[in-house]
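You will see two complexes here that share subunit A, one where it goes with subunit B and one where it goes with subunit C.
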Partner chain A sequence: MAEVTLMKTPAETGLAQAFEGAKALLPGNAESRAQAFEQFNLRGLPHRRVEEFKYTDLRSLMREAAPFAAKPSGEEARAALANAKALAGVSALQVPFVNGHFVRDAVRFESLPEGVEVVPLAEALASGHDWLAHLSPIPWASDNPVYQLNTSFMADGVMLRITGPVETPVHLRFVTSSASAVATATRVLVLVEDGASVTLLESHESSNGAGHQPNDVVEIIAGDETDVRHIRMNVEGDQALALSTLAVKMGTEARLTSVNLVAGAAVSRHQVFGLFNGENAKAQINGATMIKGRQHADSTLVVEHGAPHCESRELFKTVIDDEATGVFQGKIIVPHHAQKTDGRMMSAAILLAEGGAMNNKPELEIFADDVQCAHGATCGQLDEDLLFYLMARGLPKKEAESLLVQAFLGEAVEFVDNEPVREALVAAIEEWLRTRS
Partner chain B sequence: MPAVQETIDQVRLIDVDQYKYGFETEVEMEKAPKGLSEDVIRFISAKKGEPEWMLQWRLDAYKRWLTMKEPTWARVSYDKIDYNDIYYYAAPKNNPAPKSLDEVDPEILKTYEKLGIPLREQEILAGVEPRNRVAVDAVFDSVSVATTFKEELKKAGVIFMPISEAIREYPDLVRQYLGSVVPVTDNYFATLNSAVFTDGSFVYVPPGVRCPMELSTYFRINEKNTGQFERTLIIADKGSYVSYLEGCTAPKRDENQLHAAVVELIALDDAEIKYSTVQNWYPGDAEGRGGIYNFVTKRGDCRGKNSVITWTQVETGSAITWKYPSCILRGDNSRGEFYSIAVSNGMQQVDSGTKMIHLGKNTTSRIISKGIAAGRSENTYRGLVSAHRKATGARNFTNCDSLLIGNQCGAHTVPYIESKNASAVFEHEATTSKISEDQMFYCQQRGLSEEEATALIVNGFVKDVLQQLPMEFAVEAQKLISISLEGSVG
Partner chain C sequence: MLEIKNLVVQIEDKRILNGLDLTVNNGEVAAIMGPNGSGKSTLSYVIAGKEDYEVLDGEILLDGQNLLEMEPDQRAAAGVFLAFQYPLEIPGVASMTFLKAAMNAQRKARGDAELTMPDFIKRVNAAATQLEIPKDMLKRALNVGFSGGEKKRMEILQMALLQPTFCILDETDSGLDIDALRIVSEGVNALRSPDRSFLVITHYQRLLNHIVPDTVHVMSAGRIVKSGGKELALELEANGYADYRESEAA
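Take a look at the complex of A and B:
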């Protein structure tokens, strides 16, 4: 095939113009932004020929670049938060962002729970805060175009430091509320000091009817013997194109549980980049995705076992109704020195209707000889025998299906030990089942 | 769990410096001018006495090839190939188209004797009649030097001959099927092959005929600086059956030689094709000098309903392997199978796997792949299973295991599983314990450990096909079969 020089798409041109216009106004080190954008711009939006984006062709899915949202007024922010429902019933320390901007008024800095420190990112960038050195903890994430876009445009966010065991969950609320489509780039850095533990909640929601383009990055540096429980919920608006990245670096004997529930957005791609940096660490990374209509949901995962004796478990469940498309790409990397690695990755998908599609790509890249790594992937419809069994007991077909789907997704969700949060996730699954056609 | 000593020893036996087939044969050769051009293609075509349409086909492929780029997606790295530094045609000078074995250069006969390939029918017939007779087509560099049992096969209606001969004798049949599974424009190496292919086998099994013996082709690269461009076309007409074996070796040399083959299989209604390969090209030395670049496109088309295509491969040779024997499951109820053992040693790089494309209703496929990497080699399984919208009831089971010996090598798994049909059921697994719980239970109940039981089941499964290989070809394969599966890493 002859070398084809790709024309810039309107979205790429739009992003370049947006960067030109915004770079002087964005806080912090202009050079690192310019560098990130240059790297992005060199290759443009990833398309199907780019292996990591084979199934999520952003070049064709992102037709235009939405303008970056302006900072909302106090009143607008309050109104947006009042309408935001996701995980709203869970009692937690609220750290809200409206249209990509941290809502400072919503946080009472003087009475933060013990062991929690909060630093607004925009101010930190402007003043050159010490913690900024911890941004981008995973070197290879910088090659990712979605991450590069966030680095180029990140205007606000927070940096959290967790210094001890924290009981109260910290709820990062990402709310996009605007009649016309807007883009956001929010960055959150969480430093979990040695021995500390925390439950981090993330909810992502936006107004229906507008093609919002949120691009959020949450980075966690978990020190030695830490315990991080991370629960994320995507109930973005029906037209949204939602890109998100979770980057976690784990120290010795660190524990991580991450559960991501996806129900929203027209197109979503959630990337998890995990790096084991100390021995005997354990991670459980789960996903529960339920999509319908013409939704497209991509879960992409790269876990690098950078240290020996670590254990990773990944469990991704996808339920696809109507003509939706699900994508799972998972990769476990085990370098030469990571002996005694134990990695298990499983992706299971159910297609509920004709017309849906699922693409699975579970990869292993192994260089150490004394390891246990396995992956599995399945794809099919609901078990007819089970359906028959339930229907024979008097359940209408739809209810029988709902029960089986709940059980199927429930396996990924049951790892959440915080009861109100787990109930909220189960309620979201039930809500989804109720509203399916 | 690390590999046990027994496995390490067995892999050592087939390490790159143990290569037994590395001798050279001194034969005076006639070659085409070095390099690739339209003239060279005309030269090859003329040497083969081809009709005009064939030459045109080649030239069209060449024009297309000039516009293509070498693929880079595979997990292999090698120095750039200079396509103009290769001889595309090399044939023994004395009588390149012998009519009988007596006319074949004795040096060549000696070569095959040394390799253990039976070329004399009477030799086989003189002794006690062996249970499995095998018809052999022996390809030496660019030409077929002998084909055995041609007459006997003809009686059964089976056509088995070098493809260059088939182009002359059965042009309509060749024209109908050639390029219908692997189109000329399929990929860089297939297009190159279409332009310059020299020899290979042609098989046609008429309707309802069960081919009376195994068919096989033995490929030998001998001449320096040459590439081998084999082209094989097998057609199993309605209700027929054929089992075909392929073996390959090459001399030890410091240079890299290119082998770019295209194999096309076509199974019509109710037909079955078994295609087995023992690939033992020279793998290069322990430092990675020399060895064959094996860039091969193999594809089977289950064109008719209820047709079956089975690929079995034992891959131990080649410096670089780039090979994905695939099945297009077009006919309703058709079945595709892929069984592979790939062992890499020294500095070898293997990127191999399969594609199962489910198009028809109730199509089934099974993939069993076992990769063993030792030394400083890289062993990648790359596979695609896909169900199209209309592939109602499609079913796939995939199991790929890899084993690493030492921590200088790498094993990688890159499966793509794409389903566009809700009733398609795809399972992909890498854990050895899940082959079949019933079978496992049965074996374990009789006192076998889980590991022994697993090895027994998977090996028994592969052995089933391997045992049908003639002993001469299967020496390496047999050694591998006993390699246990302990310490698999998915």
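Take a look at the complex of A and C:
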């Protein structure tokens, strides 16, 4: 019998070599890394025949594996952070990462806001910290190849514990600053104790002109009666291939608001994995994506109602100019026991030019019989009548379009209650509109 | 002065305007009345510059400028204002943001400096008070959740703020109760001036009791078929459009 040999792509071969070279050097439990990489390697990079990656074929989008970035010197890190612009005007506790490595010097551990504890992940992995047991709170995330790659390569990150109501936002600032393309893998674990509340900001930016490959995972375990506001901003460089995952497990009566703004990267895929683990919890998960040129942006969402009486709302808005491609995949899973689930998912896209494309795939998997679930997806152009109305009042066409686009994306952004943060997101939308050709 | 000469317009191969001639002098309030389907709303859209219509012949001149060669925003800057029959709801655009954008866009087109915030607020407040528009209405998204009367008042507010020279009121009376009709008419009357003219499109004489026209034109089958003074409106109210419909059939 002839042996079947699977052809590996250059990127897959590169990842395997990178893992061989790095596994002895990466901190922590080598076995769990090896297991994750083995699972990944078995199937390789996901391609269009893998349902979850049908519209984002990583096998063809990722030509080569970029080398993993070395830890920057203190000076390099300081210079990179001095140039970082995303959410720069928002007053927050800065938790910065440069080239995938936590910048320890930038955090004043002795004067953290009350209710916030920060533990560097690399050290925690090396020393076998207690909190590591909380990593990977959502079991089925481990089947996801993007997540597996992060588990295999995660070099650094932080673990945060929020023990009470925290007023000051915590800003996880990710900056990649390297002339040549580099890969990074960071993991952030946020433990929000019962009754605590926090605003988590994430910004991701990198230099233009290099095909950086960040793969970032943020995991939140929100206890009972917690309130987590999560705002994420992707303004990666124009050649970046940015993969990211947000995994959230929510306790009884927990509240979550998550808003992800996407403007950057040549290719991006943001995955949200949510699990309701206690009754009467509520989540509002939004996305606002604006892409142009030949950008490709994928928002993929899976929410499992693992407990009855929970409410989920998803609102994803995508604006596509030129020949860009948008993807929305959303799945709400309601098992037998999750009665009285209330779920509503909406994805709406506007195509500003002839050459753009949007792929909308909302799904509901409902096994319980007493639930309210709905989903909707729309795709169209700006309303001609509205444009005429605005122009008849004197607004030039471009300005009229901008006003309508702002209003369209604004619906997803208005859930951000922190005013400086919301203003920063609105400013990013305006900036995008200004630079439209 | 607005001059329309031999205007021929079609939409999707259907002829709507058939060689329409009309002149409205500066300071004049001209009313256009006519049966349903006679082309009144088409006329208002074509003057304002809506894309869907195909102009086959004729010209529209505002103070000598050829409007047909201009985009809708350029026409607005040149002084044209259309108060819509059905003002559109624009979710997510705050009324104040919209008003400021419109006022500044027109100022920019005319080479004037942008309004300062206090100046803008002062102007809006003054106009809103006159039209009995409550402040919280201005805080909402444009026309979203407004009643029919509120939407029409909002149109007149825009007219008052933008200070156009040629105003078209497209069935502004439709959907208004008596009080709203009075408020809207007073708002319009306050804007009457020797260098501003109006084209008031309506089905009913009622509006013309409040906004008294200088001239009345009857439109039928895409043309002006009779013109006269304000007494013509009363005549139409008494006799209906039957006479003109016959001319349409002929």
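The definition used in the following text is that the second predicted complex is superposed on the first by the 431 of 437 C-alpha atoms of A that agree within 3 Å, B and C clash if a C-alpha of one lies under 4 Å from a C-alpha of the other, contacts with A are read in each partner's own complex, and residues count from 1 in each chain.
The criterion applied here is as follows: contacts are C-beta pairs under 8 Å (C-beta built on N, C-alpha and C of every residue); 3 or more make two chains touch, one makes a residue touch a chain.
Values in this document were obtained by computation on a predicted structure and should not be read as measured data.
Taken together through their common subunit A, the two structures put subunit B and subunit C side by side without a clash.
Once the two complexes are overlaid on the shared chain, A:108 sits clear of subunit B and of subunit C alike. Note on subunit A: of its two partners subunit C and subunit B, the one contacting more of its residues is B. Shared-chain residue A:364: touches subunit B; no touch with subunit C. In the superposition on chain A, contact of A:403 is made with subunit C only, not with subunit B.
By the touch criterion defined above, A:434 reaches neither subunit B nor subunit C. In the superposed model, A:336 makes contact with subunit B only, not with subunit C. By the touch criterion defined above, A:351 lies against subunit B but remains apart from subunit C after alignment on the C-alpha atoms of chain A.
In the superposition on chain A, contact of A:377 is made with subunit B only, not with subunit C.
The gap separating subunit B from subunit C in the superposed three-chain model is 15 Å, by closest C-alpha atoms. Taken together, the two complexes place no residue of subunit A in contact with both subunit B and subunit C.
Subunit A meets subunit B in the complex at residues 1-3, 51, 336-337, 339, 349, 351-381. Against subunit A, the residues of subunit C that register as touching in their complex are 48-51, 71-73, 75-77, 80-82, 84, 87-88, 90-93, 97-98, 101-103, 105-106, 109, 141, 158, 162.
Here subunit B touches subunit A in the complex through residues 1-3, 67-69, 73, 389, 402, 404-431, 487, 489-490, going by the rule given at the top. By the touch criterion stated above, subunit A contacts subunit C in their complex at residues 384-386, 388-397, 399-400, 403-404, 406-408, 410-411.
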